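Letters A, B and C mark the chains in the order given here, with residues in each chain numbered from 1 onward.
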Amino acid sequence: MLHRSKYKALLEGLIEWIIRICGISAVVFVFAIFLFVFWQGKGLIFSGEFDFWKFLTTKEWYPASESNPRYGVYALITGTISVTVLAMVIAVPFGLGAALFISEFCSPKLKETLKIVIELLAAIPSVVWGFIGLTIMNQLIMELFGAPIGLTVLNGAIILALMSVPIIVSIGEDALQAVPDSYREAGIGLGVTRWQMVYKVLLPAAKNGLLAAVLLGVGRAIGETMAVLMATGHAVHIPFDAEFPFLHGLDSVRTLTATIAAELGETARDSSHYQVLFIIGILLFTITFAVNLAADLIVKGIKGK
Amino acid sequence: MVDQTAKLNIDGLKVSYGSKQVIHGITFDIQPNEIFGVIGPAQSGKTSMLRVINRTIDFTANAHVEGTVKMEGQNVFHVKDVYEYRRRIGMVAPLPVGLPLTIYDNVAFAPRSFGMKDKSELNELVQRCLEQAALWDEVKDRLDTLGTMLSGGQQQRLTIARALSHQPEVLCLDEFSIAIDPVTTMKIEDVLKELRNEMTIILVTNLVQQARRLADRTMFLLNGNLVEVGDTEKMFSGNAKETKTNEFVSGAFG
Amino acid sequence: MTESVNNAKRFTETRIGRNCQLTEKIAKFVFLLMTLTMVLPLLLIVGFLFYKAWPALSIDFVLELPKNGMRAGGIWPAFLGTLYLVLISLVIAAPIGVMAAIYLNEYAKENWFTRIINLAVINLAGVPSIVHALFGLGAFVLAAGLGRSVLAASLTLAVMTLPVIIASTKEALSAVPMSFRQASWNMGVSRWQTIRGIVMPNSISGILTGIILQVSRAAGETAPIMFTGVVFYKAVEKGDLFAYGLLDQCMALAMHLYTISTQVPGVPDAVPFATAVVLLGVVLLVNALSIGLRIYLRTHRKW
């Protein structure tokens, strides 16, 4: 006579509990990351020496100074913004163009190959990209623009663009594929060319997903560390000003991420310098959290899930 | 007044999915070792009723069940181990499904999950179940073929074999013969008549003649309402209590 | 899709029609160009890397120890260190990731709590790598008292690469048709037994893909390991496979590339280029494996 052994049932119950715990692990880790980073930086926040507004808006970054430490990250924020914006200006048109091509205009065989290439592009480690920026791009920029050094906003932006493009292409392609074929057929039925169908029907229909793709690309660019550390130079400098072209791509800058990576090794544990770097970490965490949340809300908005 | 000798008591069963109610309160008994037929047009709640009996309705998130279902006096929604309970019910669904395992493993899967390890025991059980499902002769030389590679009719018979493999006390068949040719259907119907000695059988079918051939008693469900339940011969001979039953049986609608 | 074009030929060609066709061709060409603009630089860059690395590339390069302040010799300790980090982080991340995916796909109900979990997975994937480093420092090196060690660095990598395994596994699990599960539940087989006996064996390909992707990510990351256990230089024996203990510090390929290209003066070009090629080679090879696995399994479908 068959029957379920009590012992097995108990073991199974245990396994299912372990599964449930693992299920919430991601939530636990996200909280833990915020908590532990905050914990290491809290000393400075609550010490009374720290003015959050000044932190965000002044450009004097002298955290190691004995006599007059100043923690203004404004220049670092502009560093991050300049590289990210320029990178997106390059990556978004190319990325969306490639997504359109792969999704709508190319043959199945070519599609396979291109998707594989994009995947391999995405797999390249950031330190290798940084190395490429340091060596190849550096030379190229110096020669092409006659600049004194090639480690600049432009260098970082090109590298970041190449790094962000795979995300934009793959999620953008998903967004385009998610548009039901009936839309395409309706367009073809009216006798328009494929391009017109894309322009008038497909893009408006997929715009939420495409926007999400761009946002995720932005998130990737903001959070990148090694590549910008190695490619943008080490100047705490604001590359924007009032004269054309407003963004000086040949200036050297430093991003928020690079600052942490470059300076953490030299700080004494629990010193103010050490703690302010963790505070920058919290700032970065919050920014990328907001960007990812926005992207997710936009996507869920259309799927209605 | 509950019939204590019945295998299954269903009392005031109501089932709804979200705001849509599919069964509007039905009450009946199923006697042990009988073949109980259930007939009715599509969307009458026949499948939902079966899913209540074997409690797979639990997996539908928005399903709401009211009323009591008892097997041998025990409320089926209050059993200690629902998996053990489901082992006692065999279910043959209308769509043929071959699991992506070998044919042998398809049939041996459930017994193994319940602790049967002995090779010779398993061999014997697999052969017996496949024979009862009228599939043995066709597959005995290729028991290591993948179940998903069989034809639709063969997969349906495989489903029947699987349903028998865990020694159920109640066997539910939901339109088992749609994907099977008439000759094989006859073979299986003969097997069902014999299996009645070992278990209770609930036969949901759209084929009125099949119910007439096999069922001892039959229930007519119409749009989630129990129209009539009684002795098959009486119901099908045009002398049913309700006119609707006579109309359905004679093919006036459905 | 070319039907509309053929149909257009049955009617007389109008100037408008010709213009439309032209726009179509231009659009297609422009997009093709855009795609190529990304693909070609990649090929050129990889080619250039190889070219500059060639003088230093050899099997010995991988097995030898660095000499002369890392300006010559090989990269064995870094290569070994990366192996350790990848393996240990995999052993930690894989079980947790696979089980988390099983929870999400097989047990979780569609409610707000599940939505939060999914959100957390996406966010975990989007956290900047340097913030993972800060977390590892605060949690594993300091709070857990592991100090800067292989273990702390591996744990940090495990947390970082968890989303990769969760996403791949979930996709593989959801590709198994619901009808299989229902057929199994109908027989009284429990949910876990169904997962173990039917769902998992048929998603093994996706799970492996996720694992391979995790390996590739873990091998290439620098920031998370920089402050949690990987150092500039560690003395080991040539060819020694067991040189690092769990609480030791180690070298790693990614970190090594960063170090010799930015922190050490006077390194001959070939050495960092060769290091980059080895690292890139390892990562691309691993990814090629996962792509190959996917293609192989697509042709061996069981249903």
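Just so we're on the same page, contacts are C-beta pairs under 8 Å (C-beta built on N, C-alpha and C of every residue); 3 or more make two chains touch, one makes a residue touch a chain.
It should be emphasised that the depicted structure is a prediction, and the values quoted were computed from it without experimental measurement.
Asker: With chains as vertices and touches as edges, which is it: line, ring, star, complete or other?
Answerer: Its topology is that of a complete graph.
Asker: With chain centres set to the mean of the C-alpha atoms, which chain is at the far end from chain A?
Answerer: B
Asker: Most C-beta contact pairs, which chains?
Answerer: A-C
Asker: Which chain has its Cα centroid closest to the overall Cα centroid?
Answerer: C
Asker: Hey, how far is the Cα centre of chain A from the one of chain B, in Å?
Answerer: Once rounded, the distance between the two centres reads 55 Å.
Asker: When the centre of a chain is set as the mean of its C-alpha atoms, what distance in Å lies between chain A and chain C?
Answerer: Distance between chain centres, rounded to whole Å: 16 Å.
Asker: Need the CA-centroid distance for the pair chain B / chain C, whole Å please.
Answerer: So the centre of chain B lies 49 Å away from the centre of chain C.
Asker: Out of chain B, which residues touch more than one other chain, so two or more?
Answerer: Residues 83-84, 87, 114, 166.
Asker: Among the residues of chain C, which are close enough to touch at least two other chains?
Answerer: 188, 190, 193
Asker: In chain A, which residues are in touch with two or more of the other chains?
Answerer: 4, 9
Asker: Within the complex, which stretch of chain B touches chain A?
Answerer: Result: residues 81, 83-84, 87, 111, 114-116, 166-167 of chain B touch chain A.
Asker: Can you name the residues of chain C that touch chain A in the complex?
Answerer: 1, 3-5, 7-8, 20-21, 23-24, 27-28, 30-32, 34-35, 37-39, 41-42, 45, 48-49, 52, 95-97, 99-100, 102-104, 107-108, 116-117, 119-124, 126-135, 137-139, 142-143, 159, 162-163, 166, 188, 190-193, 216, 219-223, 226-227, 254-255, 257-258, 261-262, 272-273, 276, 279-280, 283-284, 287-288, 291
Asker: What part of chain A is in contact with chain C in the complex they form?
Answerer: 4, 9, 12, 15-16, 18-20, 22-27, 29-30, 32-33, 36-37, 39-40, 93-94, 97-98, 100-102, 105-106, 114, 116-121, 123-128, 130-132, 134-136, 162, 165, 188, 191-196, 198, 216, 219-220, 222-226, 230, 257, 260-261, 264-265, 277-278, 281, 284-285, 288-289, 291-293, 296
Asker: Taking the complex as given, what residues does chain C use to touch chain B?
Answerer: Within the complex, chain C touches chain B at residues 109-110, 179-180, 182-190, 193, 197-198, 202, 302-303.
Asker: Enumerate the contact residues on chain B facing chain C in the complex.
Answerer: Those in contact with chain C are residues 54, 56, 59, 61, 83-91, 93, 95, 97, 99-101, 109-110, 113-114, 146, 148, 159, 162-163, 165-166.
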